[in-house]
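My questions all concern the structure below.
The letters A, B and C name the chains in turn, as written, and every chain counts its residues from 1.
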Amino acid sequence: MSALSIRDLTIAFGRHDPVQVVSGISLDLSPGKIQGLAGESGSGKTVSAMAVLGLLPATAQVGGSIRLGTTELVGLRPRELNRVRGRRIAMVFQDPSASLHPQLTIGAQLTDHVRAHLRLNRRDARQRAIDLLTQVHVPDPAEALRRYPHQFSGGQRQRIAIAVALACDPEVLLADEPTTALDVTVQAGILHLLRELVDQRDLAVLLVTHDLGVMSAVADDVAVMRHGQIVESGSTHDVFTTPQHAYTRTLLESMPDAQQSLVEDDE
Amino acid sequence: MTATTTSQKPARLWQRWPLLGYILRRLGTSVLLMLGVTMVTFVLTALVPGDPVAAALGEGAASNPATVAAYVEEHGLDKSIPERYLIYLAALLQGDLGTSIKTGRPVATELATAVPATVEIALCAIVVSLAVGLALGTIAAHHRGRATDQVLRVVSLLGLSVPTFWLAIMAYHTFFLRLGVAPGAGRLDPTFTPPPTVTGLYTVDFILGGDPVGFFDALAHLALPVLVLSLFTIGLLTRFIRAAVLEVLDTDYIRAARAKGLPRRRVIGAYVLRGASLPILTVVGVAFGVLLSGTVLVEAVFAWPGLGTYAFNSAINLDLPGVMGVGLVVGVIYLVINFAVDLLYGVLDPRVRLA
Amino acid sequence: MSASTSPRTRLRRGRLFRAIPTAWRTPLAMVGAIIALAWIVIALIAPWAAPHDPLAQQLPRLTAPGDASVLGTDQVGRDVFSRLLTGARVTMPLALLMVVSATVLGTLIGSIAGFVGGWVDETLMRLTDLIMAFPTVILAMIIAASLGPSLLNAVIAGIVVSWPQYARVVRSLVLSLRTQNFVIAGRLLGYSPWRSLRSDILPNVAGPVLVLASLDIGTAILLLTGLSFLGLGAQPPAAEWGSMISGAMSHIDAWWLGVFPGLAILTVVMAFNFIGDSLRDALDPLSSAEREGAAGGTEHEEPAAVENPTTEEGR
């Protein structure tokens, strides 16, 4: 059974002369699996992820269906949407130094939606925040709650952002280029953490990235997007070893390492 | 060995209190600027075209050779410019701002009672402007490009276009003389006695003295001048807060806050306004300067006994020591406000506070 | 090929000249332009259009608006309507003179500071700090008072208090432009500093400075009429709006003395503010993008793709 089911999703911008950026994509996210969504910038992959949470601007027109269990998310009223956001579907953004509020403590950002969604009191919320920071391996969690984002390294900040996303035990996690803004040396750590959390919590993850190396390292399945359409999809292994579509082959040829690493895994 | 420990000690203190270093640096800048302000008023006083003695004493007193000689002696007018500046500065430090030509009384004495009257009006006006500006600016930003935004844009531009001295006369004429809904001129009805002076702000002093009737009368007298004065700054703050909020709305941390499913009101209150707080603080500082300028043009209409009325009377009568005194005092008040703004920066921005 | 028409420069300049027609198309700018134009025409034809000599004290005193004189007469029997029309010839050209002088002076000082750097920059910037340490009207008031009351001195005071904002903006633009590739390329081609400044930097500074200046015309009019209201600008018996309002204070029952000059100031300042604000909008990449896409909708904000808006410069 899929946790999140996207059917024929279309997205267009502009009212009078709409520009279609996503033309009918379908995807299924399953618990405990990482579904990759690959493509170059402008292919419509980030916009698709944003559409799931209704984060697109008013000028965007979203068509098709996005179902979370039995709940249809397309056209959902803001009040109901807010019950899904952060509670059942959470999101991790590309650059943690931009997605954490610079003037709020880590503690405030980790607990405010926990208290809003789960109706916990201050003390319980704080304890939960400490547990979360422990799970994402942030050292000295109690002390970290009192600090501000600028006092952490980029990798630590992304761990914190992941903790924020997972704070209310969501079923689905949308990760938009979660490692792109990080140093190569810390990328592996974040990916490892992501895999670990998926296995522990049975999370369904949509991993949006242009980096096929990242994709091959953690994704179970891959969909390749181009010009607002999915040109190829399947298990990561199949797509990377025997790509069917010419565009996928071109992408892979420009990234020899990604293919290489998978081939090595095979042996 | 000993050298390392002593050199480490202040470094640790610095690290524990980065805000302290920031405050001291700002304080240093403010003190330097204050010196600069006195230089400006000195230069303007010293370089008056024509006879400086006549300008300072007035034509009448300047025709008496004994008075002139005494004045030249006291202010060292026969000495060099740097020496004269030091004499001027020494006099300022003793609270000597010169003597009013019109009244013959020390300017400092006359300004002492005027400062709290102006501070009261300016504080009320900044509170009103900020409250209205925050509301209108946030609303405009959230409705950007739509009818509400367009209407608010025209309204705030109108606020920026009204000559306040004219608006003051019109408001006084309409609401007091015609409609009789506003109280008359001054800070209090003539039947009231001013409260015992604690802060010099009548509203506060009435509360401290436990006199609610007096408080409401003082408040009623404040209403019209404050509203007139606020119109321009409301326009200013609305435009700037709209821009600041728009900039914050387009950040990832606001998208992240919305992705967390926080109620809209909390996103705006805790995330958006906090994010925009630094640019807003900057404009509030600017708005204070505009208000202090505005009092010069508005107070006289309402016979409000503050710096503005004093400046107006001094300017109309070409009472140069009076005008300079107001310039100096307002300059210093503005510096104090800007220093306070700098301190608030440190409070609102953890990147400053915690280095 | 002259430097000013090199493709690089044309490319960069294009934005400003494209923005002006864009700005004109908005209703706000149109209203502003029509009102401003009307006042300019009034200023030009005032000597012929005024029914009476604005200075002649020959009519009955303090008569209300009516058939005899459209806007009434003042305390010494002058025609308010004629004085109002004549006032347009006083305030507007002087405000323009003030803004143009402050712009030129500020741009010059700002480019020198940004381009030369070092102690020159430091000194000039501390000078702007000093001037900006005062509220503008207060500083203008003490300068005008010490120079002696006259309209020209009021204009000088206005220039002194308003050039620093241009210098600051121009300096920061020059500093950021200096590191841009096309400017560096020019220097590598052997441009002298002066030529680099003239052909690569100043054309790109023009847009923001023009916006600032257009928004400043209204401020200048308010400052000059304000100083005249304080008796530090126009001197009696000159027909000037600020001093007309000042005179009205002692005849508060003769409402027509104050109402009309105030409305004159309000409409002129409003017209220039409308124009300036529209121009700023047209030059701002964010707000022009927003106009295209923000016809309606619910609670959502703008797309992530829109680049960060440029902050408004401090006033």
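Going forward, a residue touches a chain if its C-beta (ideal position, glycine included) is under 8 Å from a C-beta of that chain, and two chains touch if they have at least 3 such contacts.
Here the structure is a predicted model, which means the values were calculated and not measured.
When every chain is reduced to the mean of its CA atoms, the largest separation from chain C belongs to A. Chains B-C form the pair joined by the most contacting C-beta pairs. For the pair chain A and chain C, the distance between C-alpha centroids works out to 50 Å. With centres defined as mean CA coordinates, chain C is found 24 Å away from chain B.
Averaging Cα coordinates per chain places chain A and chain B 50 Å apart.
Across the assembly, chain C contributes 293-296, 299, 301-302, 304 as residues in contact with two or more other chains.
In chain A, the positions touching at least two other chains are 50, 55, 78.
In chain B, the residues touching two or more other chains are 252, 255, 264.
Within the complex formed with chain B, the chain C residues making contact are 28, 129-130, 133-139, 141-143, 145-149, 218, 222, 225-226, 229-232, 242, 245, 248-249, 252-253, 255, 258-259, 261-262, 265-266, 269-270, 273-274, 277, 286, 290-291, 293-296, 299, 301-302, 304, 306, 308-309, 311-312, 314-315.
Put simply, chain B touches chain C in their complex at residues 33, 36-37, 39-41, 44-45, 47-50, 55, 144-146, 150, 153-154, 157-158, 160-163, 165-167, 169-170, 172-173, 177, 236, 239-240, 243-244, 246-247, 249-250, 252, 254-255, 264, 279, 282-283, 286, 288-290, 292-294, 296-297, 301, 311-312, 314-316, 318, 320, 323-324, 326-327, 330-331, 334-335, 338.
Note for the complex: chain A touches chain B at residues 50, 53, 55, 78, 81-87, 90-91, 93-95, 98-104, 108, 112-113, 116-117, 148, 150-151, 161, 164.
On the side of chain B, the complex with chain A involves touching residues 251-253, 255-264, 266, 270-271, 274-275, 277, 348-351, 354.
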